[in-house]
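Here's a structure for you.
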Amino acid sequence: MLRPRERETGRDRDRIVNLSDGIFAIAITLLVLDIKVPNIPEDLVTSELPAAMVSLWPNYLGYFLSFVSIAVFWTIHHSIFRPIRSYDRNLLYLNFLFLMLVAFVPFPTALLGEYGNHQLPVAIYAATLAVGRLLLTAIHWYSTRNERLLDEPQDPATVRFFLIRGLTIPAIFLLSIAISFFSVRAAIWTWFAMIAVDALVIHRRFR
Amino acid sequence: MLRPRERETGRDRDRIVNLSDGIFAIAITLLVLDIKVPNIPEDLVTSELPAAMVSLWPNYLGYFLSFVSIAVFWTIHHSIFRPIRSYDRNLLYLNFLFLMLVAFVPFPTALLGEYGNHQLPVAIYAATLAVGRLLLTAIHWYSTRNERLLDEPQDPATVRFFLIRGLTIPAIFLLSIAISFFSVRAAIWTWFAMIAVDALVIHRRFR
Amino acid sequence: MLRPRERETGRDRDRIVNLSDGIFAIAITLLVLDIKVPNIPEDLVTSELPAAMVSLWPNYLGYFLSFVSIAVFWTIHHSIFRPIRSYDRNLLYLNFLFLMLVAFVPFPTALLGEYGNHQLPVAIYAATLAVGRLLLTAIHWYSTRNERLLDEPQDPATVRFFLIRGLTIPAIFLLSIAISFFSVRAAIWTWFAMIAVDALVIHRRFR
Amino acid sequence: MLRPRERETGRDRDRIVNLSDGIFAIAITLLVLDIKVPNIPEDLVTSELPAAMVSLWPNYLGYFLSFVSIAVFWTIHHSIFRPIRSYDRNLLYLNFLFLMLVAFVPFPTALLGEYGNHQLPVAIYAATLAVGRLLLTAIHWYSTRNERLLDEPQDPATVRFFLIRGLTIPAIFLLSIAISFFSVRAAIWTWFAMIAVDALVIHRRFR
């Protein structure tokens, strides 16, 4: 049985990573179930299907956004767990809390696909991703604070850089909730702007 | 082909654990499909969506409770299988019986989400978790009784502690069924109280 | 790229097994989605839910039967692949054909759950399991005929025993289709009888 | 955290492959959910179910075609990643783009199952598979161009052969879109012809 502060190694850490990857893979693949085939009577298919396919654009957008978000979550999770060699109860709980959010993403995505031009679904979507990213930052912060969990000490400048990034991005998501009260479209554009700026910063940082 | 009492090693044991983890990951991620996007006509979304989102609370509760329950099942399963190095037919069958229950959890969860203020769904939910926990206790009991399946003999005091815990928790779930005949809410609160007390006991035990 | 008759080793074989296990895990977990929560108006729940839960018995039966069937498929697949160390295109194709059937099982199960007292669904269900078992027998036969795919030659008596078993069981499933024209219930009972007799034979064989 | 051009090894590469395999396994297993059990009143089941089962043929066809397509994608992905020992950001992004397409396949499959005798769904289906194949070709091209990602340099003749194949097949899918404007059936037959010719070419190449 797991004991507090007990350090586990090798295979045990792998089983946590495998379970996490399973949940990532399933959550990311379930997203497609929210794109429902339009229901059109047989004799109207030729005339109405093209417009019906186009009108599904909030669902395509939701699929794209959530796929990218979960892929980014996975990439960061992957990076955080790479140097981790052992774990304790707190890390296990934090990771489950984070996975609870990852597995939840299909619901706000479906909501966005159905009511994407309304304020509440946009706010719920932004809040979900903000909380997910904060939990990831918490896992990162916890694991780097407890060097006994790590292979080797991490470079403090890199840790600080990722901590700032891991707090700025949720802050922008929360800001987009404020924006959504004025303009739903502007809030959605904030997300795309953030993704682009983040990619630029990462690129410049590691040039 | 598998022979009774034949001992398997290494990779074989890993394949059982991998299949189990796959089923855990899928069952835990399917839970979100029970939170259905409310169906509201376009012109009423602004006025009615907030209340509709709030009225989904039994579904959020079900998602949370079942996610935590499966996560706890996974953590205990993980602990039980850590020292196991070989397996026999009985262990394989017991594990499949347990997985049949884990994969079933989304159904009582959906039932609880739909009819959470009624006695029968609460009783079915409690019974499912009780049986799941009992099967896990049976796997633990069987593996520790057959030392040839293990890496090294387990500490008897620890085995006894977890056996008692593994019988007390299903007993409380069964008790909550009795309580549900008087008050459905009280039965649900019993589960939360049990989770909290269990965490305390575990914490004190390993201080 | 894969070349015909090219022998792959270690990690490659593991990737096939992992993909197979993923498909097993998902197919077995999707079965629960066929047990739908009954739809009852709020004021009739107390009086009508118990009977509605009982009337779901063909769905519970389908869940149980298909879970056991896929678990048996997995156990045999596991046994067949244990001595396999390399693979070729034919083995890859046979395995995909078999997995196409495993992933299909939720559909005949849903059909059985919906129309379990009619002849056609019972026949389709039996045919699906018969074909699945035959493909598994084909994989076994192919791998033991090509010793270069194996770790070490297999005991001929054991190979013969499992070949006979792997042909008898599909034959009984096909027989149950004939029986289903006279009595649907008798056909379903044939399956249970077969499972019991098979367990007995296996037990006696390896005593 | 991932750094551009940073080379990762061993376990990291395995985690990408595992996530990919998880998405392959789930996408391929979700296909069955598009084959819906027909809804027939109890007293008409005997007379109407057989015809209803037959009328599901576009769904069976879609299941078969998409299962084969994803299985082919997996086989090629498997072959491309076999010699890959490290990865960089570009490879990670290309792989996620490809997986976004694999996870999307159930939607055009459902569309084909519902409106398989119309031009638009056939074109969308062909376009999805063409883009998926092109992304796979891009991954292959990128990995062989960056020898530091590979175990050992690849044979240039083989690389060229697979590049040509990896461009011809999407070209034929795009051609089938043009054909679909004249005859939907002819477009679908193009796919089967292509699969058969491809198998022949591969077989002759490696005789």
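Chains: A, B, C and D, in written order; residue numbering restarts at 1 for each.
In this section, a residue touches a chain if its C-beta (ideal position, glycine included) is under 8 Å from a C-beta of that chain, and two chains touch if they have at least 3 such contacts.
As the structure is a computational prediction, the values presented were derived from the model and not from experiment.
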Fraction-based call for chain B against chain A, same above half, different below: different
Chain of greatest Cα-centre distance to chain C: A
Length of the line joining the C-alpha centres of chain B and chain D, rounded to whole Å: 36
Separation of chain A from chain D, taking each centre as the mean of its C-alpha atoms, in whole Å: 25
Set of chain D residues in contact with two or more other chains: 18, 22, 25-26, 30, 33
In the complex with chain C, residue positions of chain D that touch it: 17-18, 21-22, 24-26, 28-33, 35, 37, 40, 45-46, 49-50, 53, 63-64, 67, 71, 74-76, 78-79, 82, 158, 162, 202-203, 206-207
Touch list for chain C against partner chain D, complex: 1-4, 8, 12, 15, 18-19, 22-23, 25-27, 30, 33, 92, 96, 99-100, 103-104, 106-107, 110-111, 114-115, 118-121, 124
